[in-house]
Amino acid sequence: MFATPMPMHIPDGFLSVIVSLVLWGISVIVIGFALKRVNTDLEERQIPLMGILAAAVFAGQMLNFSVTGGTSGHLLGAAIATILLGPWPAMLVMTCVVGVQAIVFQDGGLLALGANLFNMAIVGVTVAYFVQRLIQKLAGNRPWVTVVSGFASGWLSIFIASLACGLQLALSGTSPANIAIPAMAGIHALIGIGEGLITAGALAFVTSARSDLLTPEETPTPASRSLWVGGLALAVLLAVISPIASAHPDGLEWVAEQQGFLGRAQAPLYDLMPDYLLPGISNEALATVLAGIAGVGLVLIATIGVAMGRRRSSAT
Amino acid sequence: MHHNTVDIQNLVYTYPDGREALHSVSLSVEAGEKVALVGANGAGKSTLLLHLNGLLPAQSGYVRACGLDVVKENLGRVRAAVGVVFQDPNDQLFSPTVFDDVAYGPLYQGLPEGEIRQRVAAALTAVGMIAVTDRASYHLSLGEKKRVAIATVLAMDPEILVLDEPSAGLDPRARRQLIELLQSLQPTQLIATHDLALVRSLCPRTVVMNAGHIVADGETTAILGDYALLERHGLA
Amino acid sequence: MSLSQNLDPYLPGSSLVHRLDPRVKVGWALGFILTVALTPPDAWPVGILLVAITAAVAILAEMPAGIVLRRAAMATPFALSALPLLFTVSGHELWTLPWGWTLTYEGAVRCVSVVMKSWLSVIMAGVLTATTRMPVLLGALRALGVPRLLVATVNLMWRYLFVLVAEARRLMHARSARSASSPRPGLHAGGSIAWRAKVTGGMAGSLFLRALARADRTYAAMVARGYDGDIRTLRLTPLTLHERISIILGLAGLGTVAGLGLLLWG
């Protein structure tokens, strides 16, 4: 079964409902904005261009190089997509890739998709964009710019996205902050090197073949300027919060408990249920038995239904 | 050479979905031979070639190349001896410059720098592409890319050159140049193609495949002259 | 080479689930995943019910058990990140490891809950994609409100996915074919990690550039057939009353289960 090897696609069950929904909200808003921008900028070319590049990013994630022993390095592609297409189309391309991975290949959950989109499509792209523009501004046309910019944007896009991922796990109470964040950051600091090197290599190839594709925008629009700022802000914010959170996990646990607390706050209203409906058998045990019977019943009905359906169709 | 360059016995290959691609195929190629492997699309030619350097593992039967069993432990040495040139040169030219592409093989092998340069120059000269050494392969014509792709394999000094549809997509002049090039190259050659004119010019021996079986194996003029045979197997 | 077999999750069939309207299926699947997410960790009876529902649906979809389990295994690597829960949640202590970590009952419950939840969600999503062809699934998503531009882009991406994945595999084959060791003693094959990464980058660059060229060709072909940037697709027939009621009932049922879980164990 095909799977992306990046350990950043969060499956369902690992994020709390509140964290998932909040990130869904943010992602929908930002991606909605990206859709509007791409509609204006790209016009008719947008679908073939983004669709095929999305397929290329997906396929590109299969390329690997051996590191040591059995491990290999892989690519996410947010940085490459940003360089080749610009930030807004790249965001949509990554949305398609992450979306297809989640929906079709169950690589990443559906409820958690909002968070995964935020990490890989939004943070990955904006941070890459910010790094690329920054290096370009600082170094201009020096010959080493493409390689350095490729490496830096590749590495940072992965690293910062992993911080966001770790924070989400911690805020959900799934993994304590002082383990989740350093673990994510540590692993992805290494994986990011692979991304950086591959991105740099890809840029070297593209520069030699079609350097015309890499000419920078002359005047950045207000939207891309705010994206630049957004990328910087995200990177700084996550880089600052993460060490604080890992050093003081109780702070995040407090947040996680508040989420649970919200649920528990309503419970007293419903404590009208007696603890025992039947003498001697606790409600919980009763419920378990009932659920077990209902469950077995469901499975039996399904099996019989299928068997009957088959018999009928083979009889006709 | 004491051994046959290629020795395949009763090779079977089944796709993951159950379709059989190769039904107990046996084939031997001696050193110095130039053999054509012909068959219609889907006959199994490419699948067979992929077994020669271990890209597909033998599911049943065995494959020996250049005196080595083509199994996991030997793949490093097998790939030095069996040079496979794939159909689409774009899949094989993945470095920024032609030099980098041709140097990949020797570099990977760990050869010293001086020798690498020497081999690259020799390979590119052999294919007539020494002039484009420092250029990006991206802008070359298809015929030029095919020749560079051959050079990438020649640089590893293989015992046998295996080519998959080398003349596909080439215009008449590029085709002619390719045939002349292959005639001039030393190593044993196994060429999968359905370009029968190329076969006639280049390969004294022809092996015919159809639906995963080898259905004929003999002298080229005899086989290509048998119209009924060709028609039966989708080649006319 | 039969690469498409590996990539398309659709398993042809004519089970009940295959024949359901895709909008109903997607609605129920999303509702189920939300229910799973809302279920508190120690609500065992609800958990049993959810497992039973999953099993029943998989059976109704006539999915081979081996395939179900293999696809569910996708979630397992990430499960490692839930392991620390065993030791960090405070509660009744069960077992102390030699170096001081203490396994608690509550921690075990939380950990198992997380793993089971992701398993069930993955299986349900897997059944959805195994019983619904991709273009049909995308149509359902469009009907549920996903923007036209995104759906159209994914449609095209899906069309070219197999082509480009095959290209990527050929690139890797071509590289393997030239990755050899020298018979001469004393030489170390493989080059440096950085070099190998750079070569992989070149492969990625080649893949992307060719994709860009292909996009130009596809655009030209689309224009030749009258494409002008507007996305027009065939509409799905409106949902029948029967189907609407099915969706509502199904979601209501799931909502009840979730509600019970929250009320009794939340």
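Letters are used for the chains, namely A, B and C, taken in the order the chains are written, and counting of residues starts over at 1 for each.
Just so we're on the same page, a residue touches a chain if its C-beta (ideal position, glycine included) is under 8 Å from a C-beta of that chain, and two chains touch if they have at least 3 such contacts.
Predicted model only: the values in this text are computed from it and were never measured.
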| item | value |
| --- | --- |
| Chain C and chain B - chains in contact with each | A |
| More contacts between chains, A-B or A-C | A-C |
| Averaged-CA centre spacing for the pair chain C and chain B, given as whole angstrom | 39 |
| Centre-to-centre distance between chain C and chain A (centres being mean Cα positions), rounded to whole Å | 13 |
| Whole-Å separation of chain centres (CA-atom averages), chain A against chain B | 43 |
| Residue list for chain C, restricted to those that touch at least two other chains | 6, 167, 171, 190, 199, 202-203, 205-206, 209 |
| Residues within chain A bordering two or more other chains | 204-205, 209-210 |
| Multi-chain contact sites of chain B, meaning residues that touch two or more partners | 94-96, 138 |
| In the complex with chain C, residue positions of chain B that touch it | 15-17, 19, 46-47, 50, 53, 55, 76-80, 83-84, 86, 88, 90-96, 100, 104-105, 107-111, 138, 152-153, 156 |
| Chain A - residues contacting chain C, complex | 1-3, 7, 9-14, 16-17, 20, 31-32, 35, 38-39, 43-56, 58-60, 62-68, 73, 75, 77, 80, 84, 92, 95-97, 99-100, 103-107, 109-111, 169, 174-176, 179-180, 183, 194, 197-206, 209-210, 213, 263-264, 266-267, 270, 273, 283-284, 287-288, 290-292, 294-296, 298-299, 301-303, 305-306, 309 |
| Interface residues, chain C side, partner chain A - complex | 6-7, 9, 15-16, 29-30, 33-34, 36-38, 40, 44-46, 48-49, 51-53, 55-57, 59-60, 62, 70-71, 73-75, 77-78, 81-82, 84-85, 88, 113-122, 125-126, 129, 134, 137, 141, 147, 149-150, 152-161, 163-165, 167-169, 171-172, 190, 193-194, 196-209, 211-212, 214-216, 218-219, 222-223, 227-229, 231, 262-264, 266 |
| Of all residues in chain B, those that touch chain A in their complex | 94-97, 136, 138-139 |
| Of chain A, residues touching chain B in the complex | 204-205, 207-210 |
